[in-house]
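Consider the two complexes below, in which subunit A is the common component and subunit B and subunit C are the respective partners.
== the complex of A and B ==
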């Protein structure tokens, strides 16, 4: 059926695509067996299976402190990004085309331009304000980086929203604030929630900005993992990776389901 | 009648346009204070910390051979684009012609890596590519010489890791470009006697090229500024634009030089972004938008 319809090129594409899927999933799936090793060195297949490195992680004070910090930073950054990003997405939909083009370029530029440049630019300012090593500083920097993800998700939801609903509310006497709070936001909440989920995900995994802004005081989980990659030869990083993969998969599926366009 | 007039007045009194622009202010303030001002300050630093000078730019090109680093960055990014097209086109093609249920399942294999921490994936590659590891031994058997191949801490490892990370960016635009094609075009070609392969070369491929261009620009733009993968899989031996900038700050604390290197990278990436926006605005002869 497939070969009759797509010819030899279709068959070749299937073979290459299968290899491509393996290539994409291999590094992620590889972490599972590696994390179960009982000994102190990464080994495949594991010499004997145990959850030793998971318990080492949960009993490691520094690991726990970094994990908690990453949660705090991601919640704070996603909170700010969701608030300002949602307002901006609704605003962009109402702005004239010229304003929309300029503002969306400015607001999306933190993810269009190299993160390393964003990171050292903020680092330069933070260094003079003594904000390096401050969780609050990390939250603000991550809020800038994650706001575009909220704007993209909410904009998609706003684009699917019939304008007549808001106009009806306004013509019935609702002011702009009441229309936004009682009509627009309840109708686009799925897009807002998807944006919040992706913002959390991006902040929780972010390492380039954290590398510069963590200092010695506010070391996030990815920053501590990065520090460990070259000298920590034990499977503890594999165990942490497995948990990160599971959390990311759960959140990404949640975000994708929320962001999926629904038929009215 | 009076009521209608009052309602109309309410609409006029609260023109949605002006309120809309106010909604943009918090986000613009955040991005302005934490992004535009810092980047502007970096631009100022690149022209000398006291007075106006081009010393940092001159040093960058003379002593630090930044142009060679940029060339290496472009060359590796182009290899990554090629790898992404070779693997991404078939993946997008298979996704586009699968049943809806199968496509939902297969697209997860693209989207889950996309949303998995870059750090985790690169850590895995450090293990997979290390000397004496499975892939290094396998490559050694296939290549002449028979010794385990060096795949880590060199350009090979960086390209393998970056292609892996950026592949989803290529798949999505090509998928859209193939999926949005009118199947009647392929059917017409087939009913006029074209073989399936000829249909592909004469109809499907040319109509999907906008997706390939968009994906290539997206991948190239991201690759040029990439940091984590060259840092981890290059092991300090593959100096690219981003790792060079980081090194100038962390090791040499040379702000003017790092700032100048950043500005050059920023201008290049901004030009690529502008090109990307032109390509994604491209229309097919049918007039419908091919790439979102």
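== the complex of A and C ==
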């Protein structure tokens, strides 16, 4: 690695690295001062410091309704995705290579295809089923979108699990269900939990599918923020963004800690 | 160090294994075939293990011995053939219906539960009530010399202790057969030798029919009633260790089991039960032979059967070759000579005792061995 011993090369390396970080982080960090503006316009630097827009958010009936809906949808979608994705990942690990490749492609297609394509496809089906504007419809759609994240996390955990452990369980008389419940899942739960956290995050932040499916009844938080950009461009968006950034960072760190392989 | 190494077992598993004297073998494998993507890992393997016997599957890596074990355990299904336990066919049953105890190469203890829960796992699956389960787990821990270790986690145990827990876990439910896949490979030499003795004593006491996979010839000989030598998916020969050593049937068995000197040539029968063999260099030796027609063959003479003689021995009982010593290696308990004779580099192992020949490299010597110590390989 580079270190101070490398003289000016080391210094240059650090400057470039720092510039990269600033480039990546600056727009997000800008949200913090913007959210503290007292007036009704996004302004930098803020003309006067206040928490006005934070309290506007917490007292806004529609904002709260959307936030609650987003939580419900994200929890529901993550729940379904975790169940389906875990079973899929465990099954894929045992399938023959050909089956695994084909099934992986199908199961991961929601994140391989452009989201807008997935959104239009779901919208077409939902319109005829009258599911547009229904929280349940959103949960199902988000479950499809977030299942791949669970599959990827759980597959990594399953791959790290020695096959002999499951074979040992079966040789001792445990059938497939008992082996799954008593050996496999207890040994891969960190991967499952990491997948659930990422599924929650993806659903909570998702806006493309939400745009198509929210209708007027089921407006999620990101959808309402998007609407806000068009109709009321106030620092409330910056305030919400700050809170979203903090929540996402906390959950992403949790997810990464869980996903990290543990020394046996 | 290890926990007390005395096998102070009580009756934890004493009624496992089949009833002594039952008709037919406890385990019988017929015509077993397993292919993986065009490679025949197990090629028409047949064997039978009597009730209560300890059989080793011995062979180099890739010889198919582990695949045979996985077929026994039910982790792979055979392409052909049958596996009979006490006369009933099990080769199509899933592992959890086979009632076979398996000790895995790296133990495969469940890391998330305690030693007691590991050992009690099979009893839990069989819905043994908790108090009875606890008692049997304790008996099993006593049996493998680890009393009081139940509340630990596998990660807190040494390799040898984990090995014992794996053994207890595979025996506690009184399986019909015990199979072990190189269970001692990860242990150092001293511990391995001790575990060989312990496993063998335990197996004898429980009289459980056992199949043991190893690539270590000494280990197979120390532990087994029967040794089955495998090579390239085929079973080359099965028999008691002594038979394999004294009467190997193939060159592979001769070379894999112990050191060997092989001479090639052709045999001419000379009744009643003896042949004359013309070696490729023109020398003639006698060998036990019951064939009727001339045949090309390979002769095996073990290094310790050969002697370095000063005087010509009785030619009716001994074969003799002239040779020149190329090298002498002092091994402590014996001296190994490399002698050039009959166009071969012949290994001669002389015991290190008074009266033994002490010759130097370059010396011309007479090599002799008893005719009945000559083995004909076909």
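In this text, the second predicted complex is superposed on the first by the 247 of 264 C-alpha atoms of A that agree within 3 Å, B and C clash if a C-alpha of one lies under 4 Å from a C-alpha of the other, contacts with A are read in each partner's own complex, and residues count from 1 in each chain.
In this section, contacts are C-beta pairs under 8 Å (C-beta built on N, C-alpha and C of every residue); 3 or more make two chains touch, one makes a residue touch a chain.
This structure is a prediction, so every number in the text was calculated from the model and none was measured.
Of the two partner chains placed around the shared chain by superposition, neither subunit B nor subunit C is touched by A:102. Applying the stated contact rule after C-alpha superposition, one finds that A:229 touches subunit B and leaves subunit C untouched. Applying the stated contact rule after C-alpha superposition, one finds that A:27 touches subunit B and leaves subunit C untouched. Contacts of A:162 after superposition: subunit C is touched, whereas subunit B is not reached.
In the superposition on chain A, A:186 makes contact with subunit C only, while subunit B stays out of contact range. Of the two partner chains placed around the shared chain by superposition, subunit B and subunit C are both touched by A:171. Of the two partner chains, subunit B is the only one touched by A:10; subunit C is not. Judged by the number of subunit A residues each one touches, B leads among subunit B and subunit C. Annotation: subunit A residues 167, 170-173, 175 touch subunit B in one complex and subunit C in the other.
For subunit C in complex with subunit A, the touching residues are 73-75, 94-96, 98-102, 104-106, 108-113, 121-122, 125-126, 155, 169-170, 173. On subunit B, the positions that touch subunit A within their shared complex are 7-8, 10-11, 14, 16-17, 19-24, 26-28, 30-31, 34-39, 41-42, 45, 86-91, 93-94, 97, 106, 108-128, 134, 164, 167-168, 195-197, 199-201, 221, 224-228, 232, 241-242, 245-246, 249, 255, 258-259, 262, 265-266, 269-270, 273.
Of all residues in subunit A, those touching subunit C in their complex are 162, 164-165, 167-175, 178, 182-183, 186-187, 264. Residues of subunit A that touch subunit B in their complex: 4-10, 12-17, 19-21, 23-28, 30-31, 34, 42, 44, 80, 83-85, 87-88, 90-96, 99, 103, 106-107, 109-110, 112-118, 120-125, 140-141, 143-144, 147, 151, 166-167, 170-173, 175-176, 180, 201, 205, 207-208, 211-212, 222, 225-226, 229, 237-238, 241, 244-245, 248-249, 251-253, 255-256.
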